[in-house]
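Here is the structure we will look at, set down as structure tokens.
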Amino acid sequence: MQSYSVAVLGATGMVGQRFIQLLAEHPYFELTCVAASERSAGKRYASAAKWYLEGEIPEAVRNLEVVPVKPEKVRADIVFSALPGGVAREVEPAFAEAGFIVASNASAYRMESDVPLLIPEVNPEHLDMIEVQQERRGWDGAIITNPNCSTIMATLTFKPIYDAFGIEEAVVATMQALSGAGYSGVPGMAIVDNLIPYIANEEEKVETEALKILGNFNGSEIEPASFKISASCNRVAVLDGHTEAIFLRTSEEATPEDIKRVLRSFRAKPQELRLPTAPPQPVIVREEQDRPQPRLDRNAGNGMAVTVGRVREDRIFGIKYVVLGHNTLRGAAGASVLNAELLVKTRKL
Amino acid sequence: MQSYSVAVLGATGMVGQRFIQLLAEHPYFELTCVAASERSAGKRYASAAKWYLEGEIPEAVRNLEVVPVKPEKVRADIVFSALPGGVAREVEPAFAEAGFIVASNASAYRMESDVPLLIPEVNPEHLDMIEVQQERRGWDGAIITNPNCSTIMATLTFKPIYDAFGIEEAVVATMQALSGAGYSGVPGMAIVDNLIPYIANEEEKVETEALKILGNFNGSEIEPASFKISASCNRVAVLDGHTEAIFLRTSEEATPEDIKRVLRSFRAKPQELRLPTAPPQPVIVREEQDRPQPRLDRNAGNGMAVTVGRVREDRIFGIKYVVLGHNTLRGAAGASVLNAELLVKTRKL
Amino acid sequence: MQSYSVAVLGATGMVGQRFIQLLAEHPYFELTCVAASERSAGKRYASAAKWYLEGEIPEAVRNLEVVPVKPEKVRADIVFSALPGGVAREVEPAFAEAGFIVASNASAYRMESDVPLLIPEVNPEHLDMIEVQQERRGWDGAIITNPNCSTIMATLTFKPIYDAFGIEEAVVATMQALSGAGYSGVPGMAIVDNLIPYIANEEEKVETEALKILGNFNGSEIEPASFKISASCNRVAVLDGHTEAIFLRTSEEATPEDIKRVLRSFRAKPQELRLPTAPPQPVIVREEQDRPQPRLDRNAGNGMAVTVGRVREDRIFGIKYVVLGHNTLRGAAGASVLNAELLVKTRKL
Amino acid sequence: MQSYSVAVLGATGMVGQRFIQLLAEHPYFELTCVAASERSAGKRYASAAKWYLEGEIPEAVRNLEVVPVKPEKVRADIVFSALPGGVAREVEPAFAEAGFIVASNASAYRMESDVPLLIPEVNPEHLDMIEVQQERRGWDGAIITNPNCSTIMATLTFKPIYDAFGIEEAVVATMQALSGAGYSGVPGMAIVDNLIPYIANEEEKVETEALKILGNFNGSEIEPASFKISASCNRVAVLDGHTEAIFLRTSEEATPEDIKRVLRSFRAKPQELRLPTAPPQPVIVREEQDRPQPRLDRNAGNGMAVTVGRVREDRIFGIKYVVLGHNTLRGAAGASVLNAELLVKTRKL
């Protein structure tokens, strides 16, 4: 298969480092460029970035010179964006206009009507929105996005249930890991012997993104799914791995066994295409009464599978369960990489 | 006011120590006896108990000799029970039969039809069940119980809303503190960088106890409240303080401002009677978007007030908010002490 | 006794808030002014500061207008400085020159030859350096400082041992709390399931400050104590409370019982003068083999006593023990307040 | 190479699980038997053990039937012992007498004069003690032991320094992980926002074991090394990875650069023999000022390398540094496995 040169924008942060980890030895992609803020530009990556992950900076990346986040400074076919929202809003269109494919983890363009908000297992056909986007905006490149981390975990479980039984209402209470806020996002003083029952803008994302993802693309626009989602989002003293308590009213009645069956048997495009980052089984269902747990389950499927447990009857909604996934792998960098894998495997760039 | 001699059963554990802390200098009660398992019996309290709380063991208790948990060994008017469920089931009736008032934090008899399950701010009139109990069981003493810790926090917020607007449905997702499992209940290995999305029997308690508490005592039995509660319970790395994300469908429409108003203005019997352990304001409402937090809010009202925050509109239920309270004070030892205060203040023993 | 108006410089940070907590109801001092960076200046304190401590902002302070950290904007007899090192270096002399007594927690001037580095229990006579300072610098006011937090805990134990037996060598391995780095100083991502075996400039402070404090002021300069101290400093996942493992070679032989006796019987000027913030017993010695522990012992003596445990023989040095103290009370804000109390009680301002 | 059948004694605990993880796919050893207490005996391993590690129980072990810890019930050439001290004292000799090689992580026989206390990089020649042991005790099998976890980390760094410069005195202050106390050894309530400055019997082990290991075996007995070690041991809120602050007086003067050089270039028998569990470089030296850190460095060399940082001059001893290693891999199960690898590679069983 053809190889593509790729760059990471926002390469020194938490998600940027996960991108580097995933791309260092990738069968489709060759990481040839790292871009970051002016403060880092000009330095070798190893001296610009404080490496937060276990193990060493991949050898091939250590000595790359960090370039500024500007299209004219970046050489690559695809750029992965780990930029903060505000910066992303400004520079991602410039990259798309300059002909780059931008696989973005930023929230800035997720809800735009012509931008695919993609989970390859859920709505691979939304990639077709790229043509609308390119035509409408006059771009040679394009922006494709992945959802918010909490949305991804929930939606991977919604998809097979939605297809089999329909969904009327979903309540999602999250317990989210520190890494989701970036390395310095939550002070130790704020979280030891504590939790914070608030994450800025998170509930809105969880309540709306899944409806776009599960929506129907009619060739020109998305008709979003019509059920209701309500979320309450919390930050807890966990390093990696978001846990979500989900309550679900299905359209057709479904028993816990029905739900477990459709979750377990769920396979989709990425598994069929054997995309390198795709987990063999996107949703793992466990029977132990006290699982999933972040430390034990976040790395399932190399951090790309989500784990479901405690599927049981609910007095109000009919069904409740717990889902957990690795927020900076399946929920961020891994999501963008899987999007790009789907793209290069299914279309000509 | 008359003074009553009191004993603590299960005096060496986590909740037992909180009882001792609360009773050491109490205006109504004189702590004259501590009882614990055979292993501790015969020792001085200071050598039988490993003291977990800040500060020292109260001077008057240090040298009390620990007695076995048997009615014939205990001298007191009232016994506070911090016994584990199984033991409580066996010995509490023996104490009641022997003429003791048993103010119990154990779950064993909470749901019995003739046992008051009491939150003094919510259902003080259920104390009348004692007569039914004494008559039916032929006891001179009686058992009165307080609810499960998570139930207490939620129900203190339900009461004024229920009275003002009615409640149709409630979803409760909890993030519960380690102390709720007892001192050795959750290993450090299990909870550092982790959470556990399961607490044995907890969801059942949260889903049923509030309905008894908010029910109507017709002189012979309780007619429970008829709305539905659904719970998902989680253990997190917090020492003290249970946090609960609550979603609520009221019978009559209510705005967040309506809800905050009735919560803030809620006062009840314990405040009216100025019971020593009663907080001046049982439900504190905060406006900061990231409160309540366990470490900052658990000690509000000397650990006897609950704190509500993030009252907001919900897409599905209409209302959602977060409530937090100290699980071993308001949720356990403090609850039992307040029950006993109500009892001695309102009736002859 | 006369009352003094006081101000806090750097009032919004971690140590600043502790100052406010200690000064809100102080018998000698009236807190009339809070100063902070330009970003906060002009706002009411309650909206400028994110309050990190349990409980509410003291009522009298909530609505104070924050002023800039400039002598001409501050009205007070004494200013307490919780400023960061760099800022302190610039502005503290300006305040002293303008006639203020500056009781500083900052490190900037601690080691200056004419600035008292004070622990009131240890070297109250060093206050006499003020005259040298005022004369030499031509100031009407003066700067008095308290030591680094880790120094204070260690030195409070060194003093009675030094007086009774002499000290030849001391090794100090610290395990320091997060609050010592300021509220945002250590990210949660850096410290959950982790520790950091490094604190910038800390070891140098521990190795030198105690020698100045235990030194002799001969009327014009300090002759520092001549023993050697070696330190290794670590940050651990504790909110408040520094723990230090200390190994000590005394000049004259001393048994663990000797050491415990002199530590326990240690009383000094602040106890004699009954200074309001002074603990009745500056060094508490415990016999349990697993104490002191931060969560159980940091608040001893209202956070102003240090707790020693595990006093035992050592194969190399003769003696080893563990000491613990509250780093933002005894180790910072409380230290400055106690310094100021000593000052106003023993001299005319 | 010949393959040996092996068993794990104490297979369900924390260290037992690490043994299983290491032995599941081992080039020399085939894990054919798991033994544990009577409570587990007779069950399938998967139902007897609560698996604490990431990932699943190795397939080949899931369905093994747990046997009692008795020589007549165990079939294997070598048994790895993860038994608690008391049990080990009783049963390990029975196994050795019955002809088994016992590679033990237990402390019971470590200091016996005819039992090798082995770190394969440090004292492989002490294996010769087996003959003395077998002759003296009349055993067909033998017991070989690995040191206490904290001893191993320190001694791996002592060895090259001792050989190059000699050692006169060493002070060791440890910050040890929770897993060292076993899964339920330290309650979450005891360690969140806390540390415990005491570990039973640990300091004695650190102060004596290294001297035996660095001693000379003269054919009939060990002449221990003669320098002095002093330790102060602490438990901190870290899951895996012991960190030790070490102060060292060498016999011949050595600069930090000297020390780093001999640590970095240290290679020994296990590296020469390419033992499967041996790390390519036993001691990794880092230059960053804030390393090693448990979460970032504990898995270096698959958890079998130790990482040293902050090598610097010391005012009292000359040299100080920090060392870190994985306590249940290099410090326990991995140590025993490496011992057994050395044994089977260098001698006939």
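We just call them A, B, C and D in the order they show up, numbering each chain from 1.
In this text, a contact is a pair of C-beta atoms (placed from the backbone, for glycine too) under 8 Å apart; a residue touches a chain by one contact, two chains touch by 3 or more.
Model, not experiment: these values are computed from the prediction.
Q: Chains in contact with subunit C and with subunit D: which ones?
A: Neighbours common to subunit C and subunit D are A, B.
Q: Using each chain's Cα centroid, which is most distant from the centroid of subunit C?
A: Chain A.
Q: Between A-B and B-D, name the chain pair that shares the greater number of C-beta pairs in contact.
A: Top pair by contacting C-beta pairs is A-B.
Q: List the centre-to-centre spacing of subunit B and subunit D in whole Å, with centres computed as mean CA coordinates.
A: 47
Q: Approximately how many whole Å separate the CA-defined centres of subunit A and subunit B?
A: 42
Q: If you look at subunit C, which of its residues touch at least two other chains?
A: 52, 192-193, 237-239, 295-296
Q: Mind listing the subunit A positions that touch subunit D in their complex?
A: Touch residues, subunit A against subunit D: 52-55, 192-193, 239, 295-296, 299.
Q: Within the complex, which stretch of subunit D touches subunit B?
A: Contact set of subunit D toward subunit B: 14, 52, 178-179, 183-193, 237-239.
Q: Inside the complex, what are the residues of subunit C that reach subunit D?
A: So the residues of subunit C in touch with subunit D come to 169, 171, 173, 175, 193-198, 207, 228-230, 232, 234, 236-239, 243, 245, 247, 289-296, 309-310, 314-317, 320, 322, 324.
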